[in-house]
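Just passing along the structure, written as structure tokens.
By letter and in written order, the chains are A, B, C and D; residue numbering begins at 1 in each of them.
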Amino acid sequence: MSKFKGVVPPVVTPLNDDFTVDYASYTRVLEHLIDGGCHGVFVLGSTSEVVFHDEKTRREIIEHSAKVVNGRVPLLVGVIDPTTDRVIAHSKIAKAAGADAVVVTAPFYTVTSQSEILDHFRYIRDAVDVPLVAYDIPVCVHVKLQRQTVVTLAKEGTVIGLKDSSGDDGNFRYALLDLADHEDIFLMTGSEIVVDNALLMGAHGVVPGIANVDPHGYVRLWDAAQRGDWAAARREQERLCRLFEIVWVAQGRVSGGAAGIGAFKAAMKSLGIIDTAIMPRPRAALNAEETARIDAILKNTGLL
Amino acid sequence: MSKFKGVVPPVVTPLNDDFTVDYASYTRVLEHLIDGGCHGVFVLGSTSEVVFHDEKTRREIIEHSAKVVNGRVPLLVGVIDPTTDRVIAHSKIAKAAGADAVVVTAPFYTVTSQSEILDHFRYIRDAVDVPLVAYDIPVCVHVKLQRQTVVTLAKEGTVIGLKDSSGDDGNFRYALLDLADHEDIFLMTGSEIVVDNALLMGAHGVVPGIANVDPHGYVRLWDAAQRGDWAAARREQERLCRLFEIVWVAQGRVSGGAAGIGAFKAAMKSLGIIDTAIMPRPRAALNAEETARIDAILKNTGLL
Amino acid sequence: MSKFKGVVPPVVTPLNDDFTVDYASYTRVLEHLIDGGCHGVFVLGSTSEVVFHDEKTRREIIEHSAKVVNGRVPLLVGVIDPTTDRVIAHSKIAKAAGADAVVVTAPFYTVTSQSEILDHFRYIRDAVDVPLVAYDIPVCVHVKLQRQTVVTLAKEGTVIGLKDSSGDDGNFRYALLDLADHEDIFLMTGSEIVVDNALLMGAHGVVPGIANVDPHGYVRLWDAAQRGDWAAARREQERLCRLFEIVWVAQGRVSGGAAGIGAFKAAMKSLGIIDTAIMPRPRAALNAEETARIDAILKNTGLL
Amino acid sequence: MSKFKGVVPPVVTPLNDDFTVDYASYTRVLEHLIDGGCHGVFVLGSTSEVVFHDEKTRREIIEHSAKVVNGRVPLLVGVIDPTTDRVIAHSKIAKAAGADAVVVTAPFYTVTSQSEILDHFRYIRDAVDVPLVAYDIPVCVHVKLQRQTVVTLAKEGTVIGLKDSSGDDGNFRYALLDLADHEDIFLMTGSEIVVDNALLMGAHGVVPGIANVDPHGYVRLWDAAQRGDWAAARREQERLCRLFEIVWVAQGRVSGGAAGIGAFKAAMKSLGIIDTAIMPRPRAALNAEETARIDAILKNTGLL
């Protein structure tokens, strides 16, 4: 059985006014997640705003995370950059800094075929002795990891799992069916508003960004699903869906990406988890009016 | 008047078998382009496979290019990475290493609004004292630099020019019209199969990838346009269109990106300009059968 | 409470060699679905290849369907054409011919805004006294019925329900939540490989194309969900997912649309439900090799 | 040589308050175009809002157009509907009503492969003895007529020409090159803001929607190109580009389609060519403020 499973939030990266990482807040985020019962943490993913960080900062973030987590839960680390050899370099750093697994997307900026994606993962696996998790996120890389690509990589041992943030839950289900006999493979969904569904389908893990705000809710949802109480799972998910509406509060004024992660940060600041809601350039932070609307949602969903 | 104009090819980056840069071949490429009459060179762009190169290699490429070019023509340098502060870091390096201007895309991997794109360029301009050229390449970054965005950046002095690889030639024409009174702004097209059209519209420069294979052709086309001989410009462009068909030879077996630049490299090797046609991972080089078909096209268009 | 609910298959339209409707087979399809326990039928939808039929044929299909169904289950009728007034004309015919409700998409061919979509539905509702169901099918009409559009139309009484074939199950969930207090509104999903999920979320109905092949399976799935036996619902859905793989057998040789509905027809012919697997022009029917592969899937899923 | 060539505007369809065709205005539009020197007219295309009209109205429009045109210029007729047999029915009507050629898109609403598109055109050609023109308009039908598809259909005699409204001017150039030896084939562009370019490339005709407002401008542009005066062609095109900006005046408040054709109608009403600027449902007409801005553009470009 895989040691990876359960609620594995993608960890928000709090910043200081000068755009450096606010490690005091960052530590509190990790403790908040682990205290909340999360089964793992995923740092340097899209929610962590990984592509805004240079190599040196990424290394510090991993090292800091490894020190704080200290083996209490598995540490997954995103190694996100456009091409194979740059991902290999990040993967070596991540391994050295304490990652339990690295999370790898398809190449981006370049237009890539499924065949090249297969080679991409194989080259990385050959170059670094660290478990790989495939990260399917077409909204960022603009290519889908097709069902056959994921299944091939899993069956041949190139990857140990999948984080599916494609929103294509039917395709995710087929990956679950195709790999049902491979107990060592773990398949996680990023579709955070239908986690009850994913667990009913047999998903091994979930990667909800908004668990940064409310880890306890997702852990309750996970626990309800484990004991087969699907009505309770649904109720918890529905409350979390209402919470998730914070991501649309600033949409239109700022981009969808800035609105979503900006909302996570604004909510975490209102809840006292982090000290500032600073966003990396060129993203703008949410304003006071937007933050007030987010606070209202936090109150309506029982968090504030 | 801008010092930038004319035929400014995006320079192919030849590689050794171990994927390091083959600088001997690289020097020959630059000499081939300058000897061919090109009015500038653009290194570390998409055709240069910039996102496959790490920071150290990029710096070496710029330094090597600056040494070879040695002021004979302007040196434009792509500073392509996903986010603002990483682009600023590349820009500082490029300036120090001898760039006459840096070429900047919209952010990528992250989803970005036009307002964030404006800020992105302004933050870079504020941070580095080097002329900026906006690079519109939605096929790679998945967002278009809208007409109003480009015009605003140009009029306020944030950018000195545009490289338009969007294929939206109507939009490019409106940028030309909107900026007709700004003599210091130069607008270049990457639509390399309709360069005669772009010049008829008043484009100040062209950035044809296939000029790596045949710089003389594009210089003849440029010269014909300058003297108003549009029939000759069209004839030259039509021959170059037939040459351009090399980019589709391997398409399907490999991705479009690998097929296109792989074809440039294969042709340049056949013509003796570079020593190998190696592609960076995970891209595969063209095979013998494909290379033979490319050679046939080179013969049909008078190059071999 | 709405009289519409449960398993409501989109009915396949069997054809003769001369492309006229094979009404003998068509009658058998309807009886097969009603005998299988389906709670309604939806004729002249995308699966019925509605846009291949002219006005006269559509009228005959509705009249024939109404005669066969004879009030045993509700009869929903697609009124699919590009623009408002043409849909109004179809709706009047459908009402006169016995439809219990008509199913209406956004305009297509023309590019349409959400505001125009609101007006489209309102004009139709004003013009015809027949219940309207909104049909969200961006793969065909290339615009999504946004959450706010559906909720507005439902709350103001313009539509009585939704058939969601968008694949955006998160958005569907929000529609369920937003309309939870409106007992008279019924929301159906077309995501036929995650029907267990949709029912767990509270969907009122499902519209699975492949129920033409296996209505009993979807009715068992529906019944399991009604009694809260989610493990049984999942098992049945997983078997149906394996059956659903018939839709990809011919993909590549023919278009996705022809491969999917062609597979339904080939399977129904193999099962003796219809006499031919003819496809309307320019679609090609599946060939013998493909049909053999479909038969193998039918055997593996217990149908043949 | 083809009898089709030159400026062939897609004819706007003026409406009465009750959405019937305002034939008095319609007659004036046709006379305005023919008096303006246009070389043909194209009725029942996208600019004519063809998909808003039912079969009976379409037949009347064709008959009325044939009577007014009376052989002075060729009459091209759009036969736009989703599928093959419905297009055949329209084509028979169009031929009987006096069409010199019919203009046929790929199927729409259904998802269609290039192979099915080939068959679609061939079935139509076999069924009706009227010349076919292929109409490439992916913004409406959501599939591109690929270069090879067009060239195959032209070389085998299935189509006599192309109206390219895809905006892919590079692809259009390759069609021109591939068919350069086929004198009987005529290739027209719908890229109305780069008509000088298309003519420099060798296009045989142009189909500018805004020629409804200013046919004389496009005829002057055509004439300049015929005598090789490309500087004059460019100047005329640039003025027409400034005129074309009317299509964006209402964009945002209404959809792009409604904004564009609504602007044509508003301008034609201001110029006294038509009596009303009514739009078919669900499109809204432009308002007074928008019409005032359009009038200002008409003045600035010398028309009012």
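FYI, contacts are C-beta pairs under 8 Å (C-beta built on N, C-alpha and C of every residue); 3 or more make two chains touch, one makes a residue touch a chain.
Predicted, not measured: the structure shown is a model, and the values here were computed from it.
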Chains in simultaneous contact with subunit C and subunit D: none
Those chains which touch subunit D and also touch subunit B: none
Farthest chain (mean CA position) relative to subunit D: A
Interface copy of C-D among A-C, B-D or A-B, judged by whether over half of the contact pairs recur: A-B
Separation of mean Cα positions, subunit B and subunit A [Å, integer]: 35
Rounded Å distance between subunit B and subunit C, as computed from the means of their C-alpha atoms: 49
Contacts with 2+ other chains: residues of subunit D: none
Which pairs of chains touch, using the document's own definition: A-B, A-C, B-D, C-D
In the complex with subunit D, residue positions of subunit B that touch it: 167-170, 173-174, 177, 191, 193-194, 196-197, 200-202, 228, 230-231, 234, 238, 241-242
Of all residues in subunit D, those that touch subunit C in their complex: 19, 46, 49, 51-52, 54-55, 80, 82-86, 89, 107-113, 115-117, 119-120, 123, 139-142, 254-258, 280-284
